[in-house]
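Please see the structure below; I have some questions.
By letter and in written order, the chains are A, B, C, D, E and F; residue numbering begins at 1 in each of them.
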C-alpha cells in the first residue's frame, strides 16, 4: 500500500548568521509554523564565508509549508534581504504525511 | 552526453537529538544502507528547540533509498515516533549515479 | 501573483572532511559560482563515520547551478573521487529567483 | 555569606530572565562538566585508597534503598495529591529519586570553602544513586513489560557519561594516590571552583528558560519542587545517621537525596517512557528544586546535620 | 621589550599570512573571550567595592560624551576627506566611537606586567563606552526614522554578550569582594595572561584575513586607521586629565578611546544599517587600528600619560 | 609505578571497549592538542635561547636521515614480509617514518615527573621529523610523477597545524625567554600534565575503536606494530649516541623514532595516495604502536639509553 502523502514546498535559505534572529522573527510574523536551522559556511557573490568567526558564518534555514506561503516568504526575502545580505534561497517540491501540520 | 542517472528518494528526518542512536538502530534494522546526520535546531508544534543544551537539540537525518523503502521507514516513524517525539519527515525525488549503491 | 522562479539543479555531495579543501578547489576550477558547506557524520559502504575525530568526519556540500554544470561536476566526482573516497552525490530539481546568479 | 559560585548562578539566571544574548559555547559547558565529574571522582578515589573497602558494601546497599524509597514516595505523592497520569508521575518520580551532580558539586564547594571534612565515599554514593531510580521509574510506568529494551537501558544507566567519568576518576584516584595525582592537581583541583562557577553561570541560563513552563503549571509543581527535597533530605539525614557519617558527610548525603537529576534521567525517560512530558519534570527540577537546594537547602541541611550529630558548627 | 601576548598576535598574523591551516576551535575562542570579559569585570567590581560610587556618575557622563564626540568627528572626516557614502561613513564612525575589549585587555596586561596601578572603574568605562556610538551611528545613517526597531537595538546594545558579562562580572566582584573571589582566582586571574595570549593568536589569524581588502581600498583606509586612534587617544587623555586619573588610568582611557570595536558594532550595524559595507570597516579596524594600538599605541599612550601628569615612568 | 596520565589513557580505552557513551567535545580535544603543541614549542624555544644554534644544523640533518631511513625500511618490510600492495605499503611506511606528538608528550611527561633533563632541541626534532617521511611515502607510492600536486603537499607538510604551532611556539619561547614567558606559565606549563591527561583520555577512546579492524587484519599488523617501533628506537638511540645526547635526550629521540604519526600523515596520505586503505595504517599505529610506546616503550627506551651511556638511572 502506498502512503497517503501530500505535496508541500521546502524553502531553503542560506544567509549570514548575524541575521538569524531577525529572519526567524520575520518567519514567525509571516505565519510559518516551523523551521529547522543548522550552521553552515560557503562561498557566493559576496565572497568566501568560512565561519572562521561569527561575522563570516552562515546559517541554513529550512521551512516546510504550502507553496503559496513559501512564495510569500520568498517575496519578503527578496524585498528585505536580497540587496544587502549574503543570501541564497530556493524552493523544492516535497511530500509529507500529516498535511495539517504544515 | 547526459549522465545515466537513476531516480531514488531522499527521506529527510528532523527530530530530537536524544533519539539519534535509537533512530539509527531502527534504520539499520529496516535495511537502510546508509545515512547522513547533522546537528540542527528549530521550532515546530512542540515549541522552540534551540540546541542550548542536549535536551533541546535536534538532529537532521538524510537517507537515500528506493521509494518503497523510504515509505517503509516513514510508516515506521509514524507508528513509533510521531505521537511522542518532536519530529518532522519528508520525501523528495532525487537522481543518483551508482543505483546499485542505494 | 505567482513568482517568476526559474529551474536550477541542486547538487548535494557528502564526503570525507579531509578532502574538503581539494573538493572546493575542484568546484572553483569547474566554474561553479557558489557553494554551501556544513559538517556531517554518517554511515555508508565504507562504514560508520561518526565524526569522533577529524579522520572520521564528513562534510555536506551543496551547489546550485544549471543542470549541465551539475552533470559536469558529477562526472568529475565520479572520475576523481568515487573509487577511493567515502562519497555520495545526488541531484534535485529546485527553483530560484535571480537565475543570473546561478 | 553567599558563595561566589552561587553568585554566578544568580548572574546567569538574571541574564536569562532579562533575555540577554549571553550563552556559553556548548563545548565549554560539556568540558566543564567533564572536568567536574573527573575531579569529584579523583578526589573520592584518592580518599578511598586510604581505607578498607569492605565496610562500604552495606553503605552502598543503604543509599540504593534510599533512592528507591524516594522514587516510590514521589510517585505516590504525584499520583495521589498531584493527580498526574501514570507516565508523568513515574518519570518525575525517577528524576527525584536520582541525583544531580551539579547540586553535589555546589555542596562539596560549600564544605571545602568552610574547611569541613567529609567522607571520600560520597563520590561513590553519587555514582551509585544515579541509576536505581531510573529502573524503578520505568517499572512504575510500564510494569515489567516484555517491550522494554533492558539491555539498552542498562547500557544507558551504567555506561552513561556521568557514571563512567565518576567511576573512571575514582579508579584513577585510587590507583594513583595523592602522590600520583600531584602532577595533575593544576587542572583538576586548583581550577575546580572556577570551573564550577562557569558551569553554574550556564545553569542559571538554563534555569531561566523554565520560567514560562512554571507559570503554566501553577502551584502544585512549585509545592512539590520545594517539599520533595525537604522530605528527601530528612530521609538522607536519617540514613546518614544510621551509617555514622560525619556532619560533612551527612550534609552531602542529605544534599544528594534532596537533589533531582536533570541530565541522566530526562534522557533515559525520553527513551523509555516517551509519553511522559519532559517539560513538566524539568520545570520542577530545574525551575524549583535546583535553585532551592543551592541557595537555601545546603546550608539548611548542614545546620540540621550539626544539630543531629551534636557537633558544634 | 615586546610583551609575550603580543608575540602570540604576531605569530597568528604570520601564520595567517603564510596561509597556514592553523585555526582555533571557535568554541575555544568564544570561551577565552568569555573568561577575559568576566575577569575584567570581576577585577573592576572588586576594586569598586573599596570606594564610593557616587563620584563615578559624572565620570560616566564624561566618557559617554567622549565616545559620542569621537563618533561625530570620525563621521565628519569620513564624509569630508574620505568621500564615503552616508551609510558607510556612519557605520565606520560607530566602530571608532565604540571600544574594543581585546585592545583594552592588552592594555591591562601591559600595565599588570609593569606593575602600574589603574583605577577599577576602567572596567565600567569599557562597558559604558560600547553602546553610545552604536546609537549615534544609526541616527547618522538614517536620521531618527520610524523604521528603526529601537527595541531590538536597545536589546542588542545593553544585553549583548559583552556588556552582560562585564556588568555581571562587576556585580559579582563587587558583592564577593577579594575574600569571596579567592576560591576562583585560579581560573580568572592566574590564567588571564595565558588566555589572552591564546586569544591574540586567533586575533592574528583574523587580522591576516583583512589584508586583501586593505590592498583593494588603498591609502585612505590606512591613513584613517592610524590617524583616528591617535586623535581619539588625545581626546581620551584630555578627558582623563580632567577626571584626575592616575597615569595607568590615563593610559587605559586613551587606549579605550583609540580602540575601535570589531564585535558588537559590526553586528549591530549589519542589522541596523545593512547597506553599509562591513568589509570596509573591518579592514580599517582589524587590519590597521587594532595592530597599531597593541604594537605601538599603548606604549605611546603611556608615555604621553606620564608626561602629561609629570609622573616618572 | 605507572604515570597518572597513562591511567587516563587506560580509562579511555576501557570506556571505549565497554562501549560507554563517553566522549570529549571535539573542541576540547582540539584545544588541548593546540595547548600541548604550543607548550612543547615554548619550552623548546626557551631552552634554545640559551645555546648557539649553528651546532644544531648537522643534528637536524641526522634526524631527517633517521626519518627517511625508517620509511625505507618499513616499506621494504611491508612489501617483502607483509606482501602489502605498493600504495598500502608506502602509506603505512610514511606513518612509521614520521612522528607522533602525543607519544612525544607522554615521553616528556615521563622525564619531567622523574626530574630527568633533556636537550631543548628535541622540540625542533619533533617538528622536523614530521615531514620527510610524507614526501618519501608519496614518492614510494607514485614515483616522481607529474601528477602530484607538490605545492599543495608542501603546504600541507610545512604549514600544517602541528608544525606551525611547534615552530611558532619555539619562536615565541626563543624571543621571550624565561622572564618573558613567566606571565603565561599558568596556562602553558602548570596545566601541561592535566591537559595531557585529558588528551590521553580521548586517545584511549580513539584507540578502542581500532579493535575491530585489528581483529580483521590478523597477526602481521600486530607483529609489525610492535617490531617496527623497537627497530626504530634502536636506530634512534644509535643516532642520538652519535650526536652525543644526554640520557633524557636519547630517550626522547628513541621515542620519536619509535612513534608513528596518526594525524598529519593520514591526512596527507588520504590526499596524495587515496588508493591506500587508511584503516590499515590507523589500526597498526593507534591499535598497536601508540599503546605499546606509552605503556612499555618509553621506560624501555630510557633503560637502554642509560645503559648505552653508562649513566646511573
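The criterion applied here is as follows: a residue touches a chain if its C-beta (ideal position, glycine included) is under 8 Å from a C-beta of that chain, and two chains touch if they have at least 3 such contacts.
Everything numeric in this text was worked out from a predicted model, so none of it was measured.
Chains that touch both chain B and chain E: A, D. Touch-path distance (fewest steps) from chain C to chain E is 2. Most remote from chain F, judged by the distance between CA-atom centroids, is A.
Comparing the CA-atom centres of all chains against that of chain D, the greatest distance is found for C. Measuring from the averaged C-alpha position of chain A to that of chain E gives a distance of 35 Å. Separating the centre of chain B from that of chain C, both taken as means of CA atoms, is a distance of 19 Å.
Averaged C-alpha coordinates give centres for chain D and chain F that are 41 Å from one another. Distance between chain centres (mean CA atoms), chain A to chain F: 46 Å. Each of the following residues of chain D touches two or more other chains: 23, 25-27.
Annotation for chain B: residues 38-39, 92-93 touch two or more other chains. Pairs of chains that satisfy the touch definition comprise A-B, A-C, A-E, B-C, B-D, C-F, D-E, D-F, E-F.
Residue ranges of chain F in contact with chain C, taken from their complex: 23, 26, 29, 152, 205-206, 209, 263, 266-267, 270-271, 274-275, 278, 282. By the touch criterion stated above, chain A contacts chain C in their complex at residues 14, 38-45, 58, 60, 71, 74-75, 78, 82, 88-93.
The touching residues of chain D, counted against chain E in their complex, run 1-5, 7-8, 11, 14-15, 18-28, 109, 112-113, 190-191, 193-195, 197-198. Looking at the complex, you find that chain A touches chain E at residues 16, 18-19, 22, 47, 51-55, 83-85.
On the chain D side of its complex with chain F, the touching residues are 25-27, 30-31, 34-35, 155-156, 159-161, 164-165, 168, 171-172, 175-176, 180-181, 183-188.
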